[in-house]
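Can you keep this structure in mind? I'll have questions shortly.
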Amino acid sequence: MSASFDIVSIDDLAKTIPDGAKIAIPADYAGVSMAATRALIRRRAQGLHIVGVPTSGLQAELLIGAGCVTTLESSALTLGEYGPAPRFTRAVREGTIRLVDATCPAIHAGLQASQKGTPFIPLRGILGSDVLKNHPDWKVIQNPFSDGDDPIVAIPAIRPDIALFHAPLADRDGNVWLGRKRELVNMAHASMTAFVTVDAISETSLFETEEKAAGVLPALYVGKVSLSPNGSWPLPFWNGAKGDDAHMRRYMEMAASDAGFNDYLERYVFSESAMA
Amino acid sequence: MSASFDIVSIDDLAKTIPDGAKIAIPADYAGVSMAATRALIRRRAQGLHIVGVPTSGLQAELLIGAGCVTTLESSALTLGEYGPAPRFTRAVREGTIRLVDATCPAIHAGLQASQKGTPFIPLRGILGSDVLKNHPDWKVIQNPFSDGDDPIVAIPAIRPDIALFHAPLADRDGNVWLGRKRELVNMAHASMTAFVTVDAISETSLFETEEKAAGVLPALYVGKVSLSPNGSWPLPFWNGAKGDDAHMRRYMEMAASDAGFNDYLERYVFSESAMA
Amino acid sequence: MTVADEKKALICLIAGLLRDCNHVAVGAASPIPGAAALLAKAAWGSPMHVNILGSVANNFFTGGGGELFDCAAQGRIDAFFLGGGQIDGSANINLMGRGDYPKSNPRWPGTFGSAYLYFLIPKVILFREEHSRRTLVEKVDFISAPGTSEEGIYRKGGPFGLITSKGYFRFDKNRKRFNLVSVHATNSLEDILDNTGFAFDYLENVPVTPDPDPQLLDLLDRQVKAKIAEVYPNFSNTIFTVTSPD
Amino acid sequence: MTVADEKKALICLIAGLLRDCNHVAVGAASPIPGAAALLAKAAWGSPMHVNILGSVANNFFTGGGGELFDCAAQGRIDAFFLGGGQIDGSANINLMGRGDYPKSNPRWPGTFGSAYLYFLIPKVILFREEHSRRTLVEKVDFISAPGTSEEGIYRKGGPFGLITSKGYFRFDKNRKRFNLVSVHATNSLEDILDNTGFAFDYLENVPVTPDPDPQLLDLLDRQVKAKIAEVYPNFSNTIFTVTSPD
């Protein structure tokens, strides 16, 4: 709302994400800030608790490979057609990250509980699965509205410190346009604040038309914005860029070995700061 | 999705709302289908259970006055600056309707519970109020995630038969555009089906652009659409019409007495069918 | 002091109470609180965010009607206003009706979000212009939202104070009583004692509410008037002298 | 029969199972089920609604990533597809990994929404092309989602059947076992018995899966091809002969 909303560089944005932060990130199709991911690795972030909403992909894979992650809370980590995520697979096998494996609607419900400031939301299904058996936070309660035995899983609120994602547009007041990617709105409402990279800055208010306004995350929920055109690279972006298929294949080759992965970081992550 | 989606007349729409139906209706600022309200009165609907989301105004007032309502579940019934709603005030005083008085966020939470197919959502606040004491459905439970005493109100799902509202646009597939009035989306998701009156029909798909798509209720949730230009009259519409101030003042005068109210119905409701 | 001047003085008084807030939300049909929030933002840039429900231009919520309540529960709303047909000495408020519920007579609109927001917004300012034994009562007939809660009840917010056309009270959470801070210039302690249905704390030499800062009044006339007119056209006409357009 | 022909036959077989549905949702990266849903809609106008997650043109959800799950819980999704690295004879599925959790080796992506959708969608079709003792096991190492639940557990949906590259099984909820319905033309009962890690019911003279209806195949080539290409370009290239554009 104030015209003084600060638009920061990508490395400055990453610097204000503290070690140990609980960070909510979207699935690969919903607008991933890969630019911020690389900046986090450059600043050698430590101890992150990543919440994949409801899943993650290359973003968590890179952060895990670079040693930034202590806990991965997600319903899946997938690179889709490129096959098993090499760094994630290795970290799981060797037990170097803590896993909080969930199921998609429970991640959404946990964020909605936070959004509503309520301690939990009960959810159907899940009973009898080993996901429930191994989840450290969920509890089975009796449905208070049922006369008979009716167990139901209570999903406690997930309250991330930061929601981090990539969006098409922000305006000078700090409002962000994200179309019908409403999971990003829920992530932001549920988190203490949202850090957003954008393809472009709009010089006019995103509230100018009702059509545009329908897809806006208001500045109230936004902490930092960084202008990062094509900031989801090499992932595709729903509002523009196609995925960089050649780069993804290159990643899969390089990340197959520890040395190759380090080369990848050197070449595509650490040397990127020169461009910034 | 099928091009064969049926667009019906307002009286045909009202005919398919059965007596005794539980109908969710929006607050006066969010797009009220007054056209459907008048059609319901014309078909002499009986025994309706009205859910004001989260409040209601002229729509519930008219339906109550016309004897269509058995139960009013809402957080308020207000005509705003026009003062106390005469027919509602009378019905309460004489005990001719059943009141389920709630508080706004509990109406939203009850609909969200239905939307999530979960039996209830717990909600903070409310404890110690006489709203809680008198509400027939709410229960106080212990927060299962707290070690100490921590009572919290469990709001059971509210599942209306029909969500009924007015929107700017529908397309030939039955998709409806409602901008950032997302409470209408929630109402529709929570209800068995949605009946919608619209100002206009779009000959192109509302999914054609991402900007428009962000404000769409998909046809999957829509049961009936009726073309009713200015269908919120005499109430204002967020996407166009101003309220008809002169008519509202006239209503307040006429509805002050039983005879006057009957004249009002005769003149503005029953004779409207001639126009339809 | 004309009626318009009195209302302007109330706007300035309330604006001053919002200066330490980041985000103030104002319910529909609350022109004086709404004007105060817009004035504070114009004067001090603080609150930075003002949300006036029912407005299009001054409402930035995009999540539907439930967002206000979620936003409050998230701790993102610092101040809000509540009124009520009855307010009692324990800061309980009644928006439901007089007499025995459910056959209230008269019935008022209903509780709205008060039973929730009163628990969750840190600074809830009770605002009710009519100051009489009819509105300020010993005990409300129906508790739409309680002023205080027992130990152990989750409660992040509650009543900050009460502003009427006659005076300004602060609410003492520990003593669960109102304390008269000041009497408006057009009024007297005696008049307030006569017209208040509940007991409250006060000093015999209670101060007079200070006159509004002329600069603030000037800002209200010059910059805030147009915004108020957008949201509350009728109200704006009654408090601002109609001048020829220039 | 070429590999492309086999895949087309699977598409037609699955399409036939979706004809009684109003709304079919298909997860990301499920080209054969996705093609089948689009084909059924093209052939019979039923299912009327097809939602392919991850697609832009064929995904009509506007409520964010959670809408699929809410929609299922509302009873508005009639059929869905699940797979898994392991599927056992009780229709339990494992999407988590082989070996002892949490140190799975190999680890697969994770459970996604299966632990929820398996309970709520009436017709869940298990689809896994690889038919081997590695994938179809006696007992899964990790239950991402159980195939059946005890009496008294809220459950509106579950496994309808299992389709692999070798055959088509139905799941018998009461007996909690699979029943072999038919063997695909390119295969044999013996081969299926050799390559299935769990016990199942079958007739010695189990039928052969009928050849796909030529009209359906024709429709697939003519009308559905372009839609499939929009969602699954690589897959589309592998099953449709590349022809000169006309």
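Labels A, B, C and D are assigned to the chains in the order they are written; within every chain, residues are numbered from 1.
Assume a residue touches a chain if its C-beta (ideal position, glycine included) is under 8 Å from a C-beta of that chain, and two chains touch if they have at least 3 such contacts.
Please read these numbers as outputs of a predicted model, since none were measured by experiment.
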Remaining chains grouped by touching, chain B not included: one piece
Of A-D and B-D, whichever chain pair has more C-beta contact pairs: A-D
Centre-of-Cα separation between chain C and chain B, whole angstrom: 29
For chain B paired with chain D, centre-to-centre distance based on mean C-alpha positions, whole Å: 40
Separation of mean Cα positions, chain B and chain A [Å, integer]: 36
Two or more partner chains touched - positions in chain B: 112, 116-118, 123-124, 150, 152, 180, 185, 213-216, 238
Residues of chain D whose C-beta touches two or more other chains: 61-63, 69-70, 73, 120
Chains touching one another, given as label pairs in label order: A-B, A-C, A-D, B-C, B-D
In the complex, chain B residues that touch chain C: 26-27, 29-30, 53-55, 74-78, 80-81, 84-85, 88-89, 92-95, 99, 101-106, 108, 112, 123-132, 134, 148-152, 180-186, 238
Interface residues, chain D side, partner chain A - complex: 28-29, 54, 56, 61-66, 69-70, 73, 95-97, 101-120, 142-146, 149-150, 152-154, 234
Complex contact set, residues of chain B against chain D: 1-2, 114-118, 175, 185, 189, 207, 213-221
Touching residues on chain C, where the partner in the complex is chain A: 23, 45, 48-50, 60-63, 67, 69-76, 120
For the chain B and chain A complex, residues of the former touching the latter: 109, 112, 116-124, 139, 141, 143-146, 150, 152, 154, 156, 179-180, 210-216, 238-239
